[in-house]
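Single-structure report; data block below.
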Amino acid sequence: MACDFKMIHRVDFAHTDMAGIAHFSNYFRYMENTEHAFFRSLGFSIHTRIDGRTYGWPRVHASCDFLQPIRFEEEIEVHLIVRQKRAKSLTYDFVFRRASDPAGTEVARGSLTVVCTEWDAQSGRMRAVDIPEIIARHIEEYPGQVPPASGADQNTQ
Amino acid sequence: MACDFKMIHRVDFAHTDMAGIAHFSNYFRYMENTEHAFFRSLGFSIHTRIDGRTYGWPRVHASCDFLQPIRFEEEIEVHLIVRQKRAKSLTYDFVFRRASDPAGTEVARGSLTVVCTEWDAQSGRMRAVDIPEIIARHIEEYPGQVPPASGADQNTQ
Amino acid sequence: MACDFKMIHRVDFAHTDMAGIAHFSNYFRYMENTEHAFFRSLGFSIHTRIDGRTYGWPRVHASCDFLQPIRFEEEIEVHLIVRQKRAKSLTYDFVFRRASDPAGTEVARGSLTVVCTEWDAQSGRMRAVDIPEIIARHIEEYPGQVPPASGADQNTQ
Amino acid sequence: MACDFKMIHRVDFAHTDMAGIAHFSNYFRYMENTEHAFFRSLGFSIHTRIDGRTYGWPRVHASCDFLQPIRFEEEIEVHLIVRQKRAKSLTYDFVFRRASDPAGTEVARGSLTVVCTEWDAQSGRMRAVDIPEIIARHIEEYPGQVPPASGADQNTQ
């Protein structure tokens, strides 16, 4: 049973904009890529076939607070936390920190809610379904609070 | 004084993903592009020089609820509404509808909060400043409620 | 019978990079979007169903020479020319100019070769096929030379 | 002195399109990201300050041949080869192979030509300059031919 996952992303040149910082739309890709790596860590793909049925996970909600700009070539640790697990959906929180920052200062915090759907290749339509048991049994909600904005307290005695 | 703006975006092929729908990260680009067209409609650029100072508008919050998938080549009307105007920041709401849909069904609703900053080319740093009066006097908050999710009620009686 | 097509693209903020210019990868999207608008101008979609078969046009070659940087909010005219029409493929040349430039100075020149394929939704596989006659009869090769790098000569006499 | 470099890229979900394969524009980002990792491996950043001058490397040519489609979550090895080193520019070739493919079948082959420029933050302008000696002395041309399309010959005898 897993309830969180960490992944480091490097800010690509193509992710920067003329203000010299990572364009905000890329944070949503970092979050999604972290989720997909979380699924791989459990032995699954986010886009998978089980018993002849194709499952996908469209996003129904996404949000992000941008606290500090991040820049080209910086390594950003994105910490995924399973905030809520329901029959047909998952909500993740994401905490962004610079990998090189010993204080663990949060540079962004985001959230995604995704719905398990079965996809019909013929019609191209998706409908919400229960998360397959084979996947659901590997995921649980993160206990307690989201880690604090600074990692400082982790270092106290 | 302007409080809202509409812009139509076509879903590009490169915006679609293997699920056959527009990838959710692009909605944030549609929102931002609508904001930038709103600024142009007022005679400004979002990235501008006034009296020798360079202004930019980094995003501090972004969110979106995805209600219906949108697909390749669909034309999507994005309606920007100035939700809140403060000394140093603006919050917009965005309502997404298919341009071809006479019922005006909402397919997504999002929000951006942006902060006016002065940008120092030398250091590459930004600091929050009051919105220049020459810009601020053209923008006002949208009166009353955000338009309803369906345009149906606009056609009653 | 059509052999060329023009489309104006505005450089989005998200297309810029920290060097303050449009990131080169976006030129390929401008080219593709121009091709798709060319197809729409003929009454087709690039991704279409004809007689129960699904057609797509994967790219087998893409190239671009970048002659002058282009910047945020500039309007760029992309001129598509059908360079070669074969049974199963099309090669386009693309000339980029600033829409505001009366001299018509070329800022980039690119090329795409695309192959007509039938797509099997079941297997997800594509195989090259002859361009359907209903499409092929609307497209012809551009006669003569590609327009010169500068529009200056168009204004002589 | 380095003349080549290898980097593995995973195909992100956001890189796929409705045809179920990686969108061709992303290959150019894989190439560029490989180049930037090559520079980091030499102890440099592609966007760097040396002796108070800011250097950048705008692309003047990019091309790619797409031989086989690549798909979500596949790991793609991109092999950068320094094809040509001139006073002010570098040309790289790139060979793409699936990391999991023992035969080393090429799935794409591309090329970038980049020019060393000094960037003037004040004006936002760039001008071509000689590659700084501190960088140039670490880079040399790849001797002999580009590796063949299939790795088969590497396994003979």
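Letters are used for the chains, namely A, B, C and D, taken in the order the chains are written, and counting of residues starts over at 1 for each.
The rule we apply is simple: contacts are C-beta pairs under 8 Å (C-beta built on N, C-alpha and C of every residue); 3 or more make two chains touch, one makes a residue touch a chain.
In this text the structure is predicted, and so the values were computed from the model without any measurement.
If you walk touching chains, what's the least steps from chain B to chain D?
Minimum step count, chain B to chain D: 1.
Distance from the CA centroid of chain A to that of chain C, rounded to the nearest Å?
Computed from C-alpha means, the inter-chain centre distance equals 35 Å.
From the mean C-alpha coordinate of chain A to that of chain B, what's the distance rounded to whole Å?
Here chain A and chain B have centroids separated by 24 Å.
Suppose each chain is reduced to the average of its Cα coordinates; what separation in Å results between chain A and chain D?
Each chain reduced to its C-alpha mean, chain A and chain D end up 29 Å apart.
Would you give the residues of chain D that are in contact with at least 2 other chains, written as numbers and ranges?
13-14, 18, 20-21, 25, 29, 32, 47, 72 - these are the residues of chain D that touch more than one other chain.
Please classify the inter-chain touch graph. Allowed labels: line, ring, star, complete, other.
complete
Could you pull out which chain D residues touch chain C in their complex?
18-21, 24-26, 28-29, 32, 47, 56, 58-67, 69, 119, 124, 126
Under the stated contact criterion, what part of chain B meets chain D in this complex?
Residue list for chain B touching chain D: 13-14, 16-18, 20-21, 23, 25, 71-72, 121-122.
Which residues of chain C touch chain B in the complex?
12-14, 29, 32-33, 36, 40, 45-47, 72-73
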